[in-house]
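Residue numbering begins at 1 within each chain, and the chains themselves are lettered A, B, C and D in the order written.
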Amino acid sequence: MKKVLSFLLVVLLSFSIFAAAKTWKIGVLGPYQTENGMWVQQAVQMAADEINADGGILGRKIELVFQDTEGSTQKMQTAIIKLTTKDKVDFIIGGVGSGPVLANLDIMARQKIIWLGTGAASPDVTKKVAENYSKYKYYFRVGTLDSIAQGKSVGDFIANYLVPKYNVKKAAIISVDLVYAKEIAETAAEIAKQAGVEIVYTDYFPAGTADFSASFKKATEAGAQVIIDAIVTADGIQFTKQWYDLKVNAALVGAIAAALKPEFKDQTNGKCVYETSAYPNGGPAPLTTKTLDFFEKHENLYGVAPGFISFPAYNTLYVLKEALENAKNPDNDEDVIKALEKVVFPLGGDKGVAPVKFTENHDLVYGGDGASGIIFQWSKSGSWNAVWPYEYKTGEWEKPEWINW
Amino acid sequence: MYIFPVFKDYYLLNVFSIAVIYAVYAASWDFLSGFTGKENFGHAAFIAIGGYMIGFISSVYPIKPFLSIPLAAVVSAIFGILIGLPTLKLKGPYFALATLAVATIFEKLSISLSDLTGGEEGIYGIEFLTQGQISSFYFVLTFAVLAILIMYILGKSNFGLILKSLRSDEDAARALGIKINFYKISAFAVSSMFAGIAGSIVAHFYGYIGPDIVYPLSLNSIIMAVVGGIGGIVPAALGGFFLTFISEMLSEFGDWNQLLYTVVLILSTLFLPSGIFNYLGAKIRTIGSKAGEK
Amino acid sequence: MALLDINNLYKKFGGLVATNNITFSVEKGERVGILGPNGAGKTTIFNQVSGFIKPDGGEIIFNGENIIGKSPEFIAKKGIVRTFQIVKPFKGMNVYDNLKVATLSPKMKEEIKNETERKKWIEYIIDICELKNVAYTMTDLLPQGYLKKLEVAKSLAIKPKVVLLDEPFAGLTHSEIEPISKVIIKANEVSGTSIVLIEHRLKEFMQLVERVIAIDYGEKIAEGTPEEIVKNKKVIESYLGKGGEEIVNS
Amino acid sequence: MFANFLINGAINSSIYALIALGFSLTFGVAGIVNLYHGAYYMVAAYLVYFFITSGIPSFISVVLSLLIVMVLGAFLMKYPILYLQKKGESIYILIFTLGSAYFTQYLFKLLFGASYYSIPSFYDKSTKILGEVIPGSRLFAFIVSVITIILVLLFINKTKFGKQILATSQDKYAAELVGVNTSMIFVVTMSLAALLSGIAGIVISPFLSISPNMWLTTLLKAFSIVILGGLGSIPGSIIAAFFMGYLESFVSLVWTSSMTEVVFLVIVFIFLIFRPTGIMGKKTI
């Protein structure tokens, strides 16, 4: 009897160990001391908890291993090596900032680990996949939109809304002097130009600039009616405040990262009104049937609204879930990659919180039923409205009352 | 292989590689600043010159490490001389600000001149040091040991003795006929050369050079060298090695890690100004001599 | 021709004339003193002769060569070495290494062929300067008396032809002065080094030097043996006061 | 355009001058290059934000914050800095103050997070000068800076205590001989410097942002301006602050904003090499 019992115990124990070992171990990369990193951490945790509560993926629970990259290439490399060799994770998700991600694609290739990216908006990231598919096929951009696509959404709004409605003829670029931001601004300006808008002034200021009055002055003196901005740093806050204080005679349209969250109102002391920014494939608009619920749930859970990186971060685990469930052999990387390539979360559908559809280079398909950029504006009444494209409109774009064109 | 189980652990191997490179950063800072008393607050500029040079070349021509390392050595030594010539007259805070200004100009330019430098995204796709992780580690280790050894021997030599005399009093050395400018420039050149080579090796190690891995080093080099102990190369190098090692191992702690780092710095300037490893070294020596007496 | 000829040395700082056409000479093996009240321009003369300050006019002929306006390094190599009023030991090293630094100067590089010779020479200097018991002590731990001696020893370690000693006795007790004074005389007598001395400790000063140049307000007011100088009216007025003679005679 | 240049240059310069003044005083009087100077600016801004959001009236918040910053400055000088100064090596003071500044940055990041904050304007009515709209918060910052600078100059030149500060900056030993307690003067000077930097941090918060890394550029600018004006020279610092303030406006006007900082630093570097004593300095180094 004793023998039988102990035998049973051993069987039970080994079974439970076996069961415990059978999880999906996923490494999460992010600069957690920054807001971007926090978004990754919170949204991924939220998705993992949901999936686990729902029984996991193919019956296996998700186990997350967070590694702080501190915004540095070096820390990210150490983190990837630790995750792949020590923690032996099955997948990596996350990564914010193009520099570190670009530099570590080779490490990813060397470690042959599937990586679902959440940040790193440089078009060069997926260009690498295009250049050498077999080497870099492990990377998928689940988000955010690359800088070109972000620029497109701004440009489209100017070309298809502001130009026909307000007969805008002249615009200026004022943007932070960073590659990522410059690409957004220049792409937007290019589309505006095709719609007949003349770019009369261009200025790139270094991160940490205190005074924008000279730039605003020069832009308006050159006759600009619209200022195309792309400010991915926190400079966007004081930029907007100063624009409001100076009652600059040109509308502020572009991509100010700080403006893409409800706190912006407090950070500017309410001086954010009329500011207009494109939200890259996310935001409080019904992109899918789940988007608005997600927004609310995140706010309830963490006390803050999700940021623009939260959307792809949350999406990654659901993209992975769908791929694993459809893969021929979910433990074979090649099969998982093939299944990932087939994942589609359509615009307006009920999967994910933002549309996902991959190009053959593992970039997001932009436009159509793929990813999109929504233009939001801080209205005079203080609400934060989606104003473009029309399908998502929660309010009408308002011309700043001090502008006389 | 079995004697050193660490060598099978790729993660530790990677941390080791980074730590020995940081040991070179700290040691090369010490060679100029610890010896001559010219506190360089812009050591990152000297590291950047090596790293970015490899980056620039790589974007046109895939340069291999055996070529780029001697090239980096020459270019960064010349750069050290060029910066050294006008600034060597400056003392204390003036020299600190001049070097800080140089590093900040470099940083701003490497962000602004993005067509050349890749801006905040840096330059990637640089040829790897070697194909494998283990061979890369040995490469880095060999270089670090050699660099630290050379600087240590130079520091122990008559040349180093003169540098130390400059730290205490330049006029007293001049009165004896010592050509202080020659020695200061030489120290600049040596310090800059090793920093530049380390920078180029890092570029090859990561296959990347960018602002994130270079510019925080101005401060870090000072911290590592001062906490380790200045004026003897090896204590500074040990400071670089251990602080980096610990900081990499503690990277899960994020902000707490950085906070701890600064607390260590503050406490050691207040209570162990000679540096942890200088202090330990002295302790060991006194114990040794006591044992010898018995 | 004297070993060192200083002719019409002139230096102006802003509106203030620091040395006004000072002329004097130093013979080989001679011990010369420069006397004058604080601010008279004594150290400024040293600074000019040793090259630390560029004179505005005049000549400094050393060994037949005009060295005016040359760098301190050049002048030291020629064989003129100075000490400083405030001691300047090399900190963070011991006495032996302090002297070693001196032997590494270009002047001694030519004379010392190898490390054994260097060691011998340093030990010789340690010996004559009576620094043996502190040879391996860090300078940071040395009392003032030893530091003053080290200051002299360092200057002698480069085998100078002329040593300019700037107040080597300042801040020392009487018992501390004696050994230094002895070292100076020894160096002078053994190797024939000329000594130029600035000192306010008049008794010791007068005993040490053979000839005195008295200056005030940057001008030479008298020159002569110690006995002559203490009787000189101008010197008494400007500096010595009434007790001058007693000091020298005591 | 020219009016814009003139007015905004003056506003920026006055704030620079306010920050640089304290840095210069600390150096001139105590001979200390205090790399913590920018951190006072940050600490005051965060404290005001914290008090205001805790529901304390803004005037009281400001006074409280400034008092805390002054105590912090006095403490730093009285204990660690004077202790290090006695030990001799100036590098440890540089490293200690820089390390403490980073410590404060990381501490605030832990306490307040990486977000950027702002406080409401103390005065928010825009004014038109020479046809230019001047936001109230900037005008307020300008006026406060100018008044503070004038008050400090009066304090130093007219009061007994101020004269002791001046005496100490000219000759520490002579001051001690005539009975000035120089250690106490050092502590008061540091406290005053902290106050000036703190005021600057508070008046800029409504139109700039409060963040854990706001101190570094500020410090670098103050350091550069003070070197340019001549370390320790108060009029030199003020002149240099205006020179630099206008230079920045000028570069962004005729060239591009992205080069303002580079030009600024290149000029500092050139000055260091060719005229290390600065515009007004007479001290040799």
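The criterion applied here is as follows: a residue touches a chain if its C-beta (ideal position, glycine included) is under 8 Å from a C-beta of that chain, and two chains touch if they have at least 3 such contacts.
As the structure is a prediction and not an experimental result, all values here were calculated from the model.
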Remark   = The chains touching both chain A and chain D are B
Message = Let me check something: if the centre of a chain is the mean of its CA atoms, which chain is farthest from chain B?
response = C
Query = In terms of Cα-based centroids, which chain occupies the most central position?
reply = B
Query = Can you give the whole-Å distance between the Cα centres of chain A and chain C?
reply = 75
Remark   = Averaging C-alpha coordinates per chain, one finds the centres of chain A and chain B separated by a number of Å equal to 37
Message = Nearest whole angstrom, what separates the Cα centre of chain C from the Cα centre of chain D?
response = 47
Note = Whole-angstrom distance, CA centroid of chain B to CA centroid of chain D, is 32
Request  = For chain A, jot down the residues that touch at least 2 other chains.
outcome  = 33, 177, 204, 206
Inquiry  = Two-or-more-chain contact residues of chain D, please, as numbers and ranges.
reply    = 109, 258, 261
Request  = Identify all positions of chain B at which a residue touches two or more other chains, and write them in rising order.
outcome  = 108, 112, 255, 258
Inquiry  = Thinking of each chain as a vertex joined to the chains it touches, would you call that graph a line, ring, star, complete, or other?
reply    = other
Chain-to-chain touches, reported pairwise for every pair that qualifies = A-B, A-D, B-C, B-D
Note = Within the complex, chain D is touched by chain B residues 37, 39, 41, 86-87, 89-94, 96-98, 100-102, 104-105, 108-109, 112, 219, 222-223, 226, 255-256, 258-259, 262-263, 265-266, 269-270, 273
Request  = Show which residues of chain C lie in contact with chain B when the two form their complex.
outcome  = 50, 52, 71-77, 81-84, 88-93, 97-98, 100-102, 104-107, 154-155, 157-158
Inquiry  = Looking at the complex, which residues from chain B come into contact with chain A?
reply    = 9-11, 14-15, 18, 108, 111-112, 114, 118-122, 124-125, 128, 133, 206-208, 210-213, 216, 248, 251-255, 258
Query = How about chain D: which of its residues touch chain B in the complex?
reply = 27, 33, 80, 83-84, 87, 89-92, 94-96, 98-100, 102-103, 106-107, 109-110, 220, 223-224, 227, 231, 258-259, 261-262, 265-266, 268-269, 272-273, 276, 285
Ask   = Given the complex with chain D, which residues does chain A contribute to the contact?
value = 33-35, 38, 177, 203-206, 208-211, 213-215, 217-218, 221, 234, 237-238, 241-242, 245-247, 258, 263, 266-269
